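When the chains are written out, they are named A, B, C, D, E and F in that same order, and each has its own residue count from 1.
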Amino acid sequence: MTTLIVIDQAPYGTWVGREALDMAFSLAAFDQPAALLFIGAGVAWLRRAQNAAGIGQKTLEKNLSAAPLFGIEQLFAEQTACERFLPDPDSRVKGITMAGSVNHLLEQYDHVVFAG
Amino acid sequence: MTTLIVIDQAPYGTWVGREALDMAFSLAAFDQPAALLFIGAGVAWLRRAQNAAGIGQKTLEKNLSAAPLFGIEQLFAEQTACERFLPDPDSRVKGITMAGSVNHLLEQYDHVVFAG
Amino acid sequence: MSPALHPGTLHILNKAPGHSRFITCLANLTNQDTLVLTENAVLAASDADTKLPEGTVALGADIEARGLSDAMPVEKQIDHQQLVRLTEQYARIISW
Amino acid sequence: MSPALHPGTLHILNKAPGHSRFITCLANLTNQDTLVLTENAVLAASDADTKLPEGTVALGADIEARGLSDAMPVEKQIDHQQLVRLTEQYARIISW
Amino acid sequence: MSTSLSYTLVITGAPWSSQAAQTSLAFARAVITAGHRLDRVFLYGDGVHLASALSAPPSDEPHWPQQWSEFLSEHQIPGIACIASALRRGLVDEREQARYELSAHNLRAPFQIAGLGEWVDSTLTSDRVLYFHGSA
Amino acid sequence: MSTSLSYTLVITGAPWSSQAAQTSLAFARAVITAGHRLDRVFLYGDGVHLASALSAPPSDEPHWPQQWSEFLSEHQIPGIACIASALRRGLVDEREQARYELSAHNLRAPFQIAGLGEWVDSTLTSDRVLYFHGSA
């Protein structure tokens, strides 16, 4: 049972991405294989130097950096979306695996889940 | 004080269009000038022969037909969206005014409002 | 004894054409997959800009609600019972 | 005495690039209008596919939240006080 | 014919904002009619509003929280609202009311409040897990 | 400097689903700081959830319904939840609780329940009406 959680919404403006992370961390907490895939505007989650204090939210970049520690197996990002929103590789958080073909990746997981 | 209520979401799947109609009818009930503009997938509101009984909702086509009776001044529809989603003019409810240029129309109202 | 499972993915799509998830879903279908349109996604049946894959089906109740009965062949309109049957046949189901 | 009102429209946009309302908003700006990016719309500052009109500004707190401080010139980042000042100057304001 | 399967439905769209409550209920009824088992219904995100005891729609409109709760009771299917989603959104049972010293509780029976572990369990034990999102 | 203006804010996005509660509150504070008047805050659609008395977010997160209600009380600004939106979504005051024979009420003071006529009045009497939608 492998699960791929997909995030296609930008951070902070909606809650869906955050709830997707919670799902991924829950699977990991129960020792279930989980990976995250960021597509479309969702790749904005992967930008460095986020600071959401000014909008009264927790900065979630740290949670992502900690994902491997908590047992999340991989962070995938749609390559074309990264080229669009994060063209400079230095602007991206570390440890992302680029996915050139999203549908090829979807086929490799038993469950593919959006959080909302 | 003229108000243009804009609907850009398809009917039934979300509540926003319906709440936009309620706003328009409220203005009319208080004798305030109100018009509706349907753009994008929102033009699907203007298709004839809707029947939402099977999904447990009220069919709102009738409300639209009654709009002029209740004092709503005009129903505008974005022309390109109609060509995309309602190419057959016979498939459209009666009494729609085509808007070739949306921004030209927006400029003619004091208030331009989305319901959500 | 379990019947043979379909090798592809069942995609259940409820977003209207123009929604970014609608676009992403259609861009990621493979030949083995089946697409089911529900809720606002049934507008694709009358969308001049969308080319639906061959075997696409749509929930009849949603088609009827939106006045699209003439835009979708009857044999491609399914009810919830038929949707359940589809979910029996696919191990991988994605709700977009 | 009321100061002269700006003849154009103030557009306040909070949808991310790729959202249909983001696309509609950008397609309907005129030369007299001013665009303010808030919430998820500030991603436009780093979007290779979006060309923002000259005078576009963005809420600094939303820019900072999303790590985009380097992608938007400081003089185009406004706070809520400056947003209020803009709303004083425009009679027509559209929240997309 | 086909073997009996077990299902979990996850609802993330709110009633009266999305069509999720209606579509999922029609699907759930068809699951039972087909002879399958519904292990659990899990409300997540905005979906927790389906468990509100205080919804009062106009009398000529379907009452989705009521219809869903009657369906769950009739078939003895557990209905779980995710605790993290529910507390933020103001859906609480008596226990959470007491813990957070709130003025009332508003969780409709037979819905219960529990954690994401219930969802993880579904991914492990149900043959199919289906999601019903909003369409905005 | 500039003349004092009157504002109405209409909030249609729910807290913990959208950023609308936060953005609108920051804007409202700036309106007051600038010496303008806030005639009214009107909650519509999913925005009515901001008036929940039962929200219980984690203690290290901002509590938007509480912050908004304190702001309204401090500045004596009317906060109105649209009745049609509120009843469907399970937001009721004592009067609606009694009328619909519900088990509790959950409207946070000083929010009140009223009709769209209040919004119509704002479009006529406020110099500016601004909308705070969700961004999904």
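Simple rule for what comes next: a contact is a pair of C-beta atoms (placed from the backbone, for glycine too) under 8 Å apart; a residue touches a chain by one contact, two chains touch by 3 or more.
Remember, predicted model here, so these are calculated numbers, not experimental data.
S.K.: Figure out the least number of contact steps between subunit A and subunit E, where 1 means they touch directly.
M.R.: The least step count works out to 1.
S.K.: Through what angle, to the nearest 5 degrees, does subunit E rotate to match subunit F on its C-alpha atoms?
M.R.: My answer is 180 degrees for the C-alpha fit.
S.K.: When the centre of a chain is set as the mean of its C-alpha atoms, what distance in Å lies between subunit A and subunit B?
M.R.: 38
S.K.: When the C-alpha atoms of subunit C and subunit F are each averaged to a single point, how far apart are the two points in Å?
M.R.: Each chain reduced to its C-alpha mean, subunit C and subunit F end up 39 Å apart.
S.K.: Express in whole angstrom the distance between the two chain centres, defined as the mean CA positions of subunit C and subunit E.
M.R.: For subunit C versus subunit E, the centre distance works out to 24 Å.
S.K.: Where in subunit F do residues touch two or more other chains at once?
M.R.: Touching at least two other chains: 16-17, 19, 23, 45-46, 131, 133-136.
S.K.: Quick check on subunit B: which residues sit in contact with 2+ other chains?
M.R.: Touching at least two other chains: 9-10, 12-16, 40-41, 55, 57, 111, 114.
S.K.: Return the residues of subunit D touching two or more other chains; collapse runs of consecutive numbers into ranges.
M.R.: Touching at least two other chains: 14, 16, 18-20, 39-40, 61, 95-96.
S.K.: Under the stated touch criterion, can you name all the chain pairs that qualify?
M.R.: Result for touching pairs of chains: A-C, A-D, A-E, A-F, B-C, B-D, B-E, B-F, C-D, C-E, D-F, E-F.
S.K.: Hey, which residues of subunit A end up touching subunit E in the complex?
M.R.: 1, 3, 15-16, 19, 22-23, 26-27, 30, 32, 111, 113-116
S.K.: Can you list the residues on subunit C that touch subunit A in the complex?
M.R.: Per the touch definition, subunit C meets subunit A at residues 9, 20-21, 24, 27-30, 91-92, 94-96.
S.K.: Write out the stretch or stretches of subunit C touching subunit E in their complex.
M.R.: 1-3, 12, 14-16, 19, 38-41, 59, 61, 79-81, 83-85, 87-88, 93, 95-96
S.K.: Residue numbers of subunit B touching subunit C in their complex, please.
M.R.: Where subunit B meets subunit C, its residues are 9-14, 40-41, 44, 47-52, 54-55, 57, 59, 61, 83-87, 91.
S.K.: Please name which positions on subunit D make contact with subunit A in the complex.
M.R.: Residue list for subunit D touching subunit A: 14, 16-19, 39-40, 43, 46-49, 60-62, 64-69.
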